[in-house]
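Next come two complexes built around subunit A: one with subunit B, the other with subunit C.
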Partner chain A sequence: MKRILIVDDSPMIHNLLRKTLERNGYEVCADATNGREGVELFETHRPDLVFMDITMPVMDGIEAVKTIKAKYPEAKIIMLTAMGDDEIMTQALEAGVEVFLKKPFDDYKIISAIAKVI
Partner chain B sequence: MMENSTGPAQRLEWPVTMFVEALKDAVATMAGITMESVDESFLTGEATMGGMMVLQGDPSAVLMILADQPSVAAIVTNMTGIDSGELTIEDLRDGLSELVNMVAGTVRGRLTGSGNRFKLSSPLAVTGEHLAVYAKRHVECSLSRFVAGDIWLELKIFYI
Partner chain C sequence: MDSRLVTPYIESTVQIIRQMTGIEVTEISEPMPGSGEILAYGVTSVIAFAGTIKGRLLIDFQPELAVHIIKNLMGEENPVLRDRLMLGCIAEMNNIIAGDANTLLNNEYGLGLRLAPPMVVTGKNMMLASSKVDSVTVLGRTDYGDFKLNIAFQGGLPS
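== the complex of A and B ==
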């Protein structure tokens, strides 16, 4: 079973995303609420995939992606954010994310994105 | 004190329909609830929760989504599958903050390339009885109301 790390500062998004992922046969191996914690949990769990928010306290998602990708270029990361403008999407893609998804989301959007990555 | 005017606005430069569509889309996609627009005069209950963000641009504005606690609980329950009785007030604040964040972020994204841009603050949530918004000078405000059964939401844009 593919293991996924969720990095988002919203408990509601964690709950919703976890249910979506588990319903579709994925395991959520860890939850982080900011970018720094996300980096730490990535190193601990080495998940198959990361769902990463952008706007978070302590360390934002763009910085977290850069940090993870610098050490683990093979890491697979999907950016999932409400900040859906081109400038931010460009920053995310330049940081190395595989897919950029805009909230709101449904099962189809999430599962289709995963299928492109792993 | 400044009252919030809901009358004919002189300067409503942000495309209100985009915010309305974004709100309906967010609630439908995330919670599976179809919110119907209703007339401004449609009587809703008293708001006890609000999610807000500052839109910094030309003009600048405060975007607010107001509702009562049962409406927010119903939406968050549909989003997460968590029984409404198990939701904490923090869950409801988080849910409403995420909702306003998605609405503002969606509109910001859709305005990309239009030259009509704004920066966004972090989302905030407020709770309390008799929730109302006041300012020290007159500000224009657009008001949109939505219902789905017993669930109701108000979307307000205050031009500051």
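== the complex of A and C ==
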């Protein structure tokens, strides 16, 4: 079973995304609420995939992606965020994310994105 | 206030409420100039944003509507409004609505708007006041209760 790390500061997103992933056969191996915690949990769990928000306290998602990718270039990361303008999307893609998704989401959006990555 | 700054928030609110909760907005008023004071319905979320101009979006729900939104979002049969996770749902929905509208404004007018973390307060008949800011209020209705939006900006679109 593929293992997924969720990094988002919203408990609602953790709850909804976990339900979506679990009913589609994925395991959520860890939950982080900011970028720094996301980097630490990535190193501990080495998940198959990360869902990463952008706007978070302590360390934002773009910085967290850069940190993870610098050490683990093979890491697979999907950005899932409320803002999706051209500038922020470019920043995310340059940081190394595989797919950029804008909230809100449904099963189809999530599962299609995962299929492109792993 | 410039309608180009207001319309995206109204459209995003209607669309995101429908998309996330399945609740239809059945009536929506024309934007009315804000007086600087808002008498809250009961569950109020505020999110600020800043770029080349500054602004904020306030969404205020009647408690019955907030309960239905949470119920439909989370599948909770009897959500408790003061529960942290439940209030977090209202904050996150405001975050997603503001993010959607700001995305459009940024791509269209290059405003570079970035969101601050949202906050939620509860309490019927609270008076919310803000001065020195240009705002409009929009009233909305659903089968489960009413809501209001208050959209405020300091500064306008570049000419």
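Definition applied: the second predicted complex is superposed on the first by the 118 of 118 C-alpha atoms of A that agree within 3 Å, B and C clash if a C-alpha of one lies under 4 Å from a C-alpha of the other, contacts with A are read in each partner's own complex, and residues count from 1 in each chain.
Quick note on the criterion: a contact is a pair of C-beta atoms (placed from the backbone, for glycine too) under 8 Å apart; a residue touches a chain by one contact, two chains touch by 3 or more.
The shown structure was predicted, so the numbers you read here are calculated from the model rather than taken from an experiment.
Trainee: When the two structures are superposed on subunit A, do subunit B and subunit C clash or fit side by side?
Mentor: The answer is clash.
Trainee: If you stack the two complexes on chain A, which partner ends up touching A:Val99: first (subunit B), second (subunit C), both, or neither?
Mentor: neither
Trainee: Thinking of the overlay built on chain A, is A:Ile4 touched by subunit B (first), by subunit C (second), by both, or by neither?
Mentor: Touch partners of A:Ile4: none, neither subunit B nor subunit C.
Trainee: Look at A:Ile78 in the shared chain and tell me whether it touches subunit B only, subunit C only, both, or neither; answer first, second, both or neither.
Mentor: It touches nothing on subunit B or subunit C.
Trainee: Does subunit B (first) or subunit C (second) touch A:Leu41, or do both, or does neither?
Mentor: neither
Trainee: Taking the superposition as given, does A:Ile114 touch the first partner, subunit B, the second, subunit C, both, or neither?
Mentor: Neither: A:Ile114 stays clear of subunit B and subunit C.
Trainee: Using the superposition described at the top, list the residues of subunit A that contact subunit B and also contact subunit C.
Mentor: Common to the two interfaces on subunit A: residues 10-13, 15-16, 55, 81-87, 102-104.
Trainee: Residues of subunit C touching subunit A in their complex?
Mentor: That would be residues 16, 19-20, 73-74, 84-85, 88-89, 91-92, 95-96, 98-100, 102-103, 106-107, 112, 114-115, 117 of subunit C.
Trainee: Using the touch definition up top, name the residues of subunit A that touch subunit C in the complex.
Mentor: Contacts found on subunit A: 9-13, 15-16, 55, 57, 81-87, 102-104.
Trainee: Contact residues on subunit B for subunit A in the complex?
Mentor: Within the complex, subunit B contacts subunit A at residues 25-26, 29-30, 76, 79-82, 90-91, 94-95, 97-98, 101-102, 104-106, 108-113, 117, 120, 122.
Trainee: Flag every residue of subunit A that touches subunit B in the complex, lowest number first.
Mentor: Contact set of subunit A toward subunit B: 10-13, 15-16, 19, 55, 81-87, 102-106.
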